[in-house]
Amino acid sequence: MTMRIAIPKGRLQEPVLAVFAAAGYDVPTASELRTRRLVFARRDVEWIFVKDCDVPVYVEHGAADAGIAGLDQILEHGCSAYQPVELPFGRCRMMLIAAPNTPRLESVATKYPRIARQYLDSRAIHAEVIPLGGSVELAAVLQLTSHVIDLVETGETVRIHHLELQEEVAEITPRLIVGRTVYRTATQRMRELIARVEEAKDVYITV
Amino acid sequence: MTMRIAIPKGRLQEPVLAVFAAAGYDVPTASELRTRRLVFARRDVEWIFVKDCDVPVYVEHGAADAGIAGLDQILEHGCSAYQPVELPFGRCRMMLIAAPNTPRLESVATKYPRIARQYLDSRAIHAEVIPLGGSVELAAVLQLTSHVIDLVETGETVRIHHLELQEEVAEITPRLIVGRTVYRTATQRMRELIARVEEAKDVYITV
Amino acid sequence: MTMRIAIPKGRLQEPVLAVFAAAGYDVPTASELRTRRLVFARRDVEWIFVKDCDVPVYVEHGAADAGIAGLDQILEHGCSAYQPVELPFGRCRMMLIAAPNTPRLESVATKYPRIARQYLDSRAIHAEVIPLGGSVELAAVLQLTSHVIDLVETGETVRIHHLELQEEVAEITPRLIVGRTVYRTATQRMRELIARVEEAKDVYITV
Amino acid sequence: MTMRIAIPKGRLQEPVLAVFAAAGYDVPTASELRTRRLVFARRDVEWIFVKDCDVPVYVEHGAADAGIAGLDQILEHGCSAYQPVELPFGRCRMMLIAAPNTPRLESVATKYPRIARQYLDSRAIHAEVIPLGGSVELAAVLQLTSHVIDLVETGETVRIHHLELQEEVAEITPRLIVGRTVYRTATQRMRELIARVEEAKDVYITV
Amino acid sequence: MPTKVRYPIGVRPLLLEEAARRRRLETRFVSMLERAGFDEVVLPIIDYADPYGGLLDARRGYRFVDREGELVTIRSDFTPMVARALAPSLSALPLKVFYRGDVIRCEASRLGANRELFQIGAEIVGDASSDADAEAMLLAASVARELGVRPLVVYNDVSIAASLDRDTLDSLKTKRRAGSPAGPFSKLIDGTATLDDIASFAPLAATRLREVQRIVGDRDFTLQPDDVDEPGYYTGIRFRIYDAATRALLAQGGRYDSLYGRFGTPAAAIGFTFTIDAFEEGA
Amino acid sequence: MPTKVRYPIGVRPLLLEEAARRRRLETRFVSMLERAGFDEVVLPIIDYADPYGGLLDARRGYRFVDREGELVTIRSDFTPMVARALAPSLSALPLKVFYRGDVIRCEASRLGANRELFQIGAEIVGDASSDADAEAMLLAASVARELGVRPLVVYNDVSIAASLDRDTLDSLKTKRRAGSPAGPFSKLIDGTATLDDIASFAPLAATRLREVQRIVGDRDFTLQPDDVDEPGYYTGIRFRIYDAATRALLAQGGRYDSLYGRFGTPAAAIGFTFTIDAFEEGA
Amino acid sequence: MPTKVRYPIGVRPLLLEEAARRRRLETRFVSMLERAGFDEVVLPIIDYADPYGGLLDARRGYRFVDREGELVTIRSDFTPMVARALAPSLSALPLKVFYRGDVIRCEASRLGANRELFQIGAEIVGDASSDADAEAMLLAASVARELGVRPLVVYNDVSIAASLDRDTLDSLKTKRRAGSPAGPFSKLIDGTATLDDIASFAPLAATRLREVQRIVGDRDFTLQPDDVDEPGYYTGIRFRIYDAATRALLAQGGRYDSLYGRFGTPAAAIGFTFTIDAFEEGA
Amino acid sequence: MPTKVRYPIGVRPLLLEEAARRRRLETRFVSMLERAGFDEVVLPIIDYADPYGGLLDARRGYRFVDREGELVTIRSDFTPMVARALAPSLSALPLKVFYRGDVIRCEASRLGANRELFQIGAEIVGDASSDADAEAMLLAASVARELGVRPLVVYNDVSIAASLDRDTLDSLKTKRRAGSPAGPFSKLIDGTATLDDIASFAPLAATRLREVQRIVGDRDFTLQPDDVDEPGYYTGIRFRIYDAATRALLAQGGRYDSLYGRFGTPAAAIGFTFTIDAFEEGA
């Protein structure tokens, strides 16, 4: 049986493929990736390239055996897959953000409504969560909402919009995720994958 | 009071701005738009550029007075704003899609879970809806789901993936939307906006 | 098969037996009835003597085929048996009773809680119903409740207690009742019973 | 303030009045009691004579300050009054009764539906309870129900009907009961009543 | 705190002997219905209340509001559920289906009311003829017979009620002969009405009953023309099957030609439902 | 207003072909379980929630307050219900019982989550031996085989978890090897632990697993000692049966020796539950 | 297990400052309404759902089945409850009443949707005149003014809708001018219709609006004849009061002359309801 | 079908005179409590049941499962709700708060049981002293007096119960003197125990009661040391206020020092709750 691995398109795609290459897997080349193809069969691995937020969906439903997903997407989807390897790059923080002197947390715009709701519930804050698809910080600027919960890497976007970081909601790293069923039914193969990625994971930062 | 108008970034941005320009509004220039700015104040209009799916959210909550949104996004958000003008471009269809000879509709991947659920309920089909963020057609290819509901413009994506169109779910056009509260409380201004856009709407296709 | 007929002990026992005798049935003699026996087998009829309030219970559950019961007991038990013959004696009224000048109906003591509840509900009166076993009028005298719902024959009890009749809740007569199942499955026999009692029913008053 | 004491008419009336008389209270005479009067004012006590099952109702609702009630009636009404004195006469047992060789407990006829329901529930028996007003044993004889729950004093009724005692449901004694509110608000008077009845309670049996 | 041993009203587990007895009966029923050409439909144990409008007796069944805010009922009557399930996809008619399962009722106790009820039923959809009426009645009777019970089938046509004036109807409901003038109505009330009498005011029902009577005969079948109370969703023939020895009610059935229309696809239908637990006592 | 065609979450009717398919499978299951000496118990579709305490996942099942003010759940898991039903009358042990019926879950959608689930299960009560463990596992595997599916049985003993420190347990739950020092725990995490390694910290479980392994063998059975997450009410052997070809989960099972005690009569028990609809796809 | 700190959707406690602010506003409202001759009615927080038929939006409010098996709703709209409470005992008319209390809504989140709503409202029962319309509108506006807010009252007569053809109505609902031919309907759609235009197809509404306009004037009051969507239980004048500075919706009201008839005693009525929490932001 | 005129158990509307009477009483209560330095908290009419564990009597209040699958109760007792609302943000202590609103109970009918209950209550949080006990009792008594009622305050310290053996406790619960040997327990039972007697087995309670008695005096206040049944959440002083003329129960109160800890922030607290409708009869 081939193994199907889901790779998140975008920001993490390059370092993630580097890790798999270092782990000895035959990954698609840069030029291949420049085509519009999203599925690449290589010996016993089928690589699929999907939107970062969809990786946990594919793995959770068994449509992919493993994948790389940020903790933000894992939590947002309530994904039950194993997370055997934490990658040493792409680290960022999910933050509560608002304009300075915002009086009270009344509403939160976010791409992560589930995480936001849990965060608010855990603090007994009665606020509305408004899901947005993008440019989330703008919501606080244009007063759609009093606050924003979003990923922050450098903090540049927050500064540009004259907002400020208020509290860390979660620390986010990308992880290798492996589905429970495939782990149980193809144990050896999955353990080998885990071991190889574990060993190779530092290649990108040490290079 | 200034009026705030939400413009969807991306595909529709250019024709939409052309319509507003033809309607006599002072819109941001192409070079301005090449910066990362998303908010532009012009005389009595503030233009904001947001993700297409967020336009109905801004208008529904009164954070924008009007905007341009596709019927797909209006329906998906259950947006109650008025839709006084239908624009004569950007028309496409929301379709039920599957691989040829797919036996039974068991699950649907889509970016429009609410529309998909209503479509299935209206046909008494007991299928699971799996929300995805992108590359939705891939779900049917990789058998994450039996079917897909997605927007189809040219049908190219569907052909590439060797899928076929099965049924039209809805016909989609972009519309000028106007919030109910602002229509009631700034009636004259909103009627003028509607009249001007109505008159200028054909400029893009006739040019 | 023998037919089992339930006779209410007490006030109605004598006239009821007279009716059955006039209808040609072989009923227990007065001297037999002075013993403690409650069950008498006569040719094809078994006579059983039970408390008046229990007659509808025996007939409803099919433990008796027919019986004589007051409408008060029929209603209180929600008894679904047929009521083919109304007897021309033992008529009385179920009344709402209170002390003169009682300001407001706040609570009702009664031996008929179900009838009382329905009466109050039908008039949208929010009053408590307190079921009692006997001497119901005393409840209004001793201010256990503001009102009483009880059967009134001569009105003597009401006068003695210096209470007054306020409204008629229902007019009560004794009826021959016949169970639905036995009527359906032994139709001819039951129709004959009904016809004979119908014909003989006036014997007691005309004598 | 006068104190109102509820005496159960019937079987217990005579010994109960003897106890109160021995306790130094001025009780109605036998000849007075032969009238139809039910209320007798004596110095600071008002004696009221009600049906045995109604005593707990009067005391629970504060319409009587104290009374004598059997544990059967106290339990059946869920009466929350204090039960400071247990009288040494009138003891009997509440029993589960059936015809010999009755195969299974399917339904129970009883004057005590609440007690019967609790008894069945506590034994996880799924049986129907059919409330009757009198001659309860007859229900098992005539197969209205498989079983009966009733008070048994001598067991004579059970023997006559060729039934047998199966299990004791509760041991029943008459008790002095005192309402909680009057105990709290007229504490001294109630404690004196209790003490006097406690001391005099054996008079009837020792006489 | 002691473990609560009781079960909710209307349900209880069946342990070994009882379960085996029920399964034996179930197996025999299913094989008889299959041999008679009926196919199974499996119906959900819960459903929305709204689509049924007044068809379900709100007082009988468990009802609750689900997480979507919709009123849901636990199954308390199979017949309307069959119609709702089949109506959207009715095609080749007539269709012969059967179903089995528990119905649960939480109504206050009357005899047998709070026993769990395991039911097996069957119906013929899309055949409005009196032949179908007779087929359903004869099948139900023969099922009872095969299980060792002598059936007593009491039947009537409830559409008679539509031809009656209010007073006659009231008389029929209580069986009390208010001094109605002599005539067919009066004969209906005192039980002497013939089919010719009935034909004078309800000709269609009379014809239907005559045809049915001709087929089913008189042995084990009793026509009872005055039995018209509470038709519920029945529109024509209505029958009840009793154990002739014990008078226990074993099954009920009848014709409900307007039920499928309620769910979007008009179709005639006649069916019956056995309560298996009634047999467990009787057989 | 159009008739609402949808059904509540978790249920839908099965029409003719589907119903027939389910019944064929049901019949084969029941006859296999009967031949293996199991007797049926019939469990109610609703029950009070309180007696189960935390045993039922409140988020999964329909719950409502009944007319007595009690919290009631619709059946969403058979195993605890079997224990509550049997516990008061347990006598001649061991007892072998089976059950069948729908479970209904209203949880938010994950794959397969809102399909109606028809389940058939069996359990051995009152036999704490590893022979009983193996008997249950072998029976479940042979049931799958007879239905034309090659089973893959993955098993473990969840009592191992009790011997682990918090860090090791966390590692096992995510399968992440935080730099734990070499040793049996570390081998457990990276999947190289033998039963001898496990014996060093969980001797009873190791013995039990060794005995079970000896009986069930390696063909179709895979011991997976690191599979200890979320034991629920399981206390010893825990197994899952997959379709070896499609990886579909067909059945789950295990030992739950403390469950009967919860309902007043302590008794060891091991059992398994098949979800028939999983077969309908696979077989 | 940590204590759950969250509250159910639609409610939360108000602690000291918030509670004080609400009470200050409540006190001022109540005294203004009393001075205007209105008497209080106190309405229950729960009521049966059935008597309201379709009057209450089932999706908005909490609903549950009570111990009698009846469907009960938690108060989510005062106006129909006032009618049900007053209808059985209406006598000396006109009657001026006010009410206050929370309404609770559990609908899915839209802006403000899941805030607890404390409302105070008033209505005039038994006066069908345009004077009563104007009195209610002027009172509501002056209440807002006394609380420091400049009101913007937008009003119309929803009975206009009954005179419109389907196409015009659809156009008004989306505000889209499908190429309707010139004429009063077309002017209604593009917002240029005068009361004379309206009189040509809805003469009663035009007269009513003219009278109301004459009394209330143009300052702070805006007639918007094209505002006819979703009349609900309103039958004539319908108005909304906004904070002119912030555009926050402060109050809604209108005439509902058929509501009391639903509860057995026909009576004209006009009223309005303020949502106090909207003020807490604005004032 | 006639409009249903009845309201659900536990509620009914108050029309004009009744509403005015209630508001007059409410206004006087609120102003007295404000003058005494108490601030209002507003509590939601519904809340989750789980956080209260056994604190709420499940049989008394309406309960239902909401759209999230959580068990929700309608407010049937204010005191635990105040603690849950205030606990997370307790800071400057002592805190004096009051609250007002309806409680709704659906329990089976006992006298007054199914009347709607409008309650106003107050509590002092964060002061464990006997001065606070006395302050609460004196305030409650003076509130009653100002409303024209002569109060009779019956009080005790329920912590006495913890010092009693099972037999004595049982005797106190029924007031039956099983032949307990002479001594302080026996005196407690027959009502002759002094505070010195109580000090011999419950010294803290005796000291507390002595201090309270010293402050509140004997006029209108009655110490009743044998009143220890059903402490509920009370942990120390417990008092009831009766109308001395009619014996109507007007208010209840006491000390519940462990209640706030249940919600995460331990704090001593004493409070009382008046049922306003009890006054409506008496005053």
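Here the chain labels run A, B, C, D, E, F, G and H in written order, and each chain numbers its own residues starting at 1.
Quick note on the criterion: contacts are C-beta pairs under 8 Å (C-beta built on N, C-alpha and C of every residue); 3 or more make two chains touch, one makes a residue touch a chain.
Just so it is clear, the structure is predicted and the values come from calculations on it, not from any experiment.
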| item | value |
| --- | --- |
| Selected from C-E, B-G or B-F, interface repeating D-E by over half of its contact pairs | B-F |
| More contacts between chains, B-F or B-G | B-G |
| Between chain F and chain H, centroid-to-centroid distance (C-alpha), Å | 49 |
| CA centroid of chain B to CA centroid of chain H, Å | 59 |
| Between chain F and chain G, centroid-to-centroid distance (C-alpha), Å | 55 |
| Set of chain E residues in contact with two or more other chains | 5-7, 12, 64-69, 88, 106, 111 |
| Junction residues of chain A, two or more chains touched | 61, 124, 130 |
| Residue ranges of chain C touching chain E (in the complex, touch as defined) | 60-62, 82-86, 178, 181-185, 187, 191, 194-195, 198 |
| Footprint of chain H on chain C - complex, ascending | 107, 121-124, 126, 128-130 |
| Contacting residues of chain G [partner chain A, same complex] | 5-7, 12, 109, 111-115 |
| Chain G-facing residues of chain E, complex | 58-59, 63-65, 69, 71, 106 |
| Complex contact set, residues of chain A against chain B | 4, 9, 36, 38-39, 48-54, 57-58, 61, 63-64, 130-135, 138-139, 141-144, 160 |
